[in-house]
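Letters A, B and C mark the chains as written, and numbering starts fresh at 1 in each.
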């Protein structure tokens, strides 16, 4: 479509604005990357010399390693449990009717609007009251509760988009409900299940506020370890760790977008 | 079929989770009504003293600050996020859309600590901004960003951007471009089209985005904790301090309960205020 | 051959079946017996209840009143997977994550058939629908017509008691539809398979069925062979829905037992007297006449009525003439004229006389 000079100018300003905003978004990551490669210990710009030493130090730092291990344990358990609970309950919400169904759903979705510090404090107090030590169990349960809403929504959306005639066809061919579920429903739901699980895993691994409340020295996850580090030390090890974090997460997102179509999951219409 | 196979098996785990969660919330509620026994982790008898203490200016100040920071963040995020969401939805190139989506969504998955830490490096006295300005000779003394409300809000806007942009993009993408083309065919210029057609039609998304941004910011902890450094406090920071510095869990619990009530009140007020706005949008 | 028990003849029986959805009564005490090996079509406009009746047979839900029986056994509470039915869905519902062979084999696997047996029967089924060699393809690689054959093969391979088809041809283009219809009928005859077919296309119903049930608003209006339904519709709805109908306002001239005579101009038409119960002689009635029963000619005394040509539509093998006529109880008369001479002979605006050929028709009271 031919454009007037006015429209072109407007378009130019618009592009400039968007670039500025993108710059704002990307600035911290870029700055952290520069800081991570700085040879000196003090954060200064621009760096005089470049080096990998902070990366080496970050990887070798025991608290970070322990945090990473703990994080993996907690994430593996909580994302798996959340997937099981979320997928089965999403199935129930979609297919069945029973009293208090909506109430139960509302309860399980409420962590979306309840601050993590409240949830964290709650589990901390609860654990103390029932005499449970601050081990992995509390952390896992807390994380499950926090990531469950995301799994629920992701699986529910997939279920809604599933054409029911496939399951009816399977039943007409003689398959009892269990068989239909295993051979038809689950395979067709796989993308939704995987993206729900991925979402839950990433959120759990990076969860900080509630974890700060419920983890102990022994069980602290990586974000908590990083927090403790920043409060005490000012060297760029954290920057190096952050860079590794950003690269890994970006790779995961690109992968998720390519295979699962991030736009669809976030309800953004393609093609407009 | 009228049977409901699997109903019990599939609902039981969800019920267990709900019970665990409700027990945790009940624990908070219960503690908020118990007295604080200094030097001990065990709470005392039942009392409303905690809530009475909340009315003290020291604490009510924090409530007001929190609401102020949340409102500021929500509005700023809207202003900064809208153009980006618009660009993302209206680009013709699929690759560009993907790139934008990745750039916007990735921070969401980085976790609060990494993001806040990066802002420390940007905002600090020896950080990026100050170093660049000093090297360029524009300033002699570093500008104080850390430990200020401004610094906290800037970082919070950055943290809240992904959520806002995603919600706005979802709403914008569902607006048929034919509406804009119709307006243009009737003689409206691009600015007018935007103000009279696109913006009103995107109102539901705007309301949803602002409400979500507000609720999210309310829950922020690492950002005000690290950048605020104790001088800028939101409710979350106060809860942490009371819990882990003084072990005054009952009072911390009452703060949580009051915080929840506050969120509920503010969000309901937002919903009511937004209703006339929502009517402008498509149903 | 031993004489078959009367009940053995009926493969599917509906006994005063009622089904309600909220406020809407989808089926109102519908009774129907589908004979073994019969091709039964449920025909009607959308909302008439035909799909509900089909779904009741399939077992997707149970009736609110009455009984459904398959092979003499009451199946009200029997779930879908325990009924021996085969269904072909409107959108085929081929499992996208399985190959063609996998789809067709599904029902056999569920029944625990041994592998070599499954392979053999799958090959047989694919041969029956003329898709030999397509076993390894995925559904998305097939055309619409091919997907439909796979769906048919999948339903047939399990040797169901009754085959259910839910408007299976509505997504196909005209030529493909015609050839699929013929193929389906051939296969059905070959296998002697009891079939219940749902459609809103009366042409399809007339050409495929052994018997058809015309439904509207949750009830069966008429049950009979295509010829019966077409030539002797039992009420106005059936007369209008099945085939094109012209409605002429005539006069009831005489009644004699099961027959009556109606008069229009110089024409005398014999009709069944049943639908005209209680109508006085000389009172006006509506005569339903098919387009091919009307003939356009010079306006003469021997005609039934007169009119003006309002429009001509060339249909290839015949011409449809639309005639403005004062005696028409509805819009214009539709006269079908074979060949193409009518275009030149009866131009628009020409004054013509309309006669009724054959002397037989169907008349109903005026409501």
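General observations
One rule holds for everything that comes next: contacts are C-beta pairs under 8 Å (C-beta built on N, C-alpha and C of every residue); 3 or more make two chains touch, one makes a residue touch a chain.
Because the structure is predicted, anything quoted here is derived from the model rather than measured.
The two chains most heavily joined by C-beta contacts are A-B. Chain A has the Cα centre that lies closest to the mean of all protein Cα atoms in view. A separation of 61 Å divides the Cα centre of chain B from that of chain C. Chain geometry summary: the mean Cα position of chain A and that of chain C are 56 Å apart.
Rounded to whole angstrom units, the spacing between the C-alpha centres of chain A and chain B is 16.
Multi-chain contact residues of chain B, defined as those touching 2 or more other chains: none present.
Among all residues of chain C, those that touch two or more other chains are 59-60, 79-80.
In chain A, the residues that touch at least two other chains are 177.
Put simply, chain A touches chain C in their complex at residues 163, 165-166, 168-177, 179-180, 183-184, 187-188.
If you check the complex, the residues on chain C that touch chain A are 58-60, 79-82, 85-87, 89, 91, 93-97, 106-107, 110-111, 154-155, 158, 164. Chain B contributes residues 4-7, 9-11, 13-18, 20-25, 27-28, 30-31, 41, 80-81, 83-84, 87, 89-90, 97-98, 100-107, 109-115, 117-122, 124, 126-128, 131-132, 135, 158, 161, 166, 169-170, 173-177, 189-191, 215, 218-219, 221-222, 226, 235-236, 239-240, 243, 249, 252-253, 256, 259-260, 263, 267 to its touches with chain A in the complex. By the touch criterion stated above, chain A contacts chain B in their complex at residues 6-7, 10, 14-15, 17-18, 21-22, 24-29, 31-32, 34-35, 42-46, 84-85, 88-89, 91-92, 96, 98, 104, 107-108, 110-111, 113-119, 121-126, 128-129, 141-142, 144-145, 148, 177-178, 181, 202-203, 205-209, 212-213, 223, 226-227, 230-231, 238-239, 241-242, 245-246, 249-250, 252-254, 257, 262-263, 266-270, 272.
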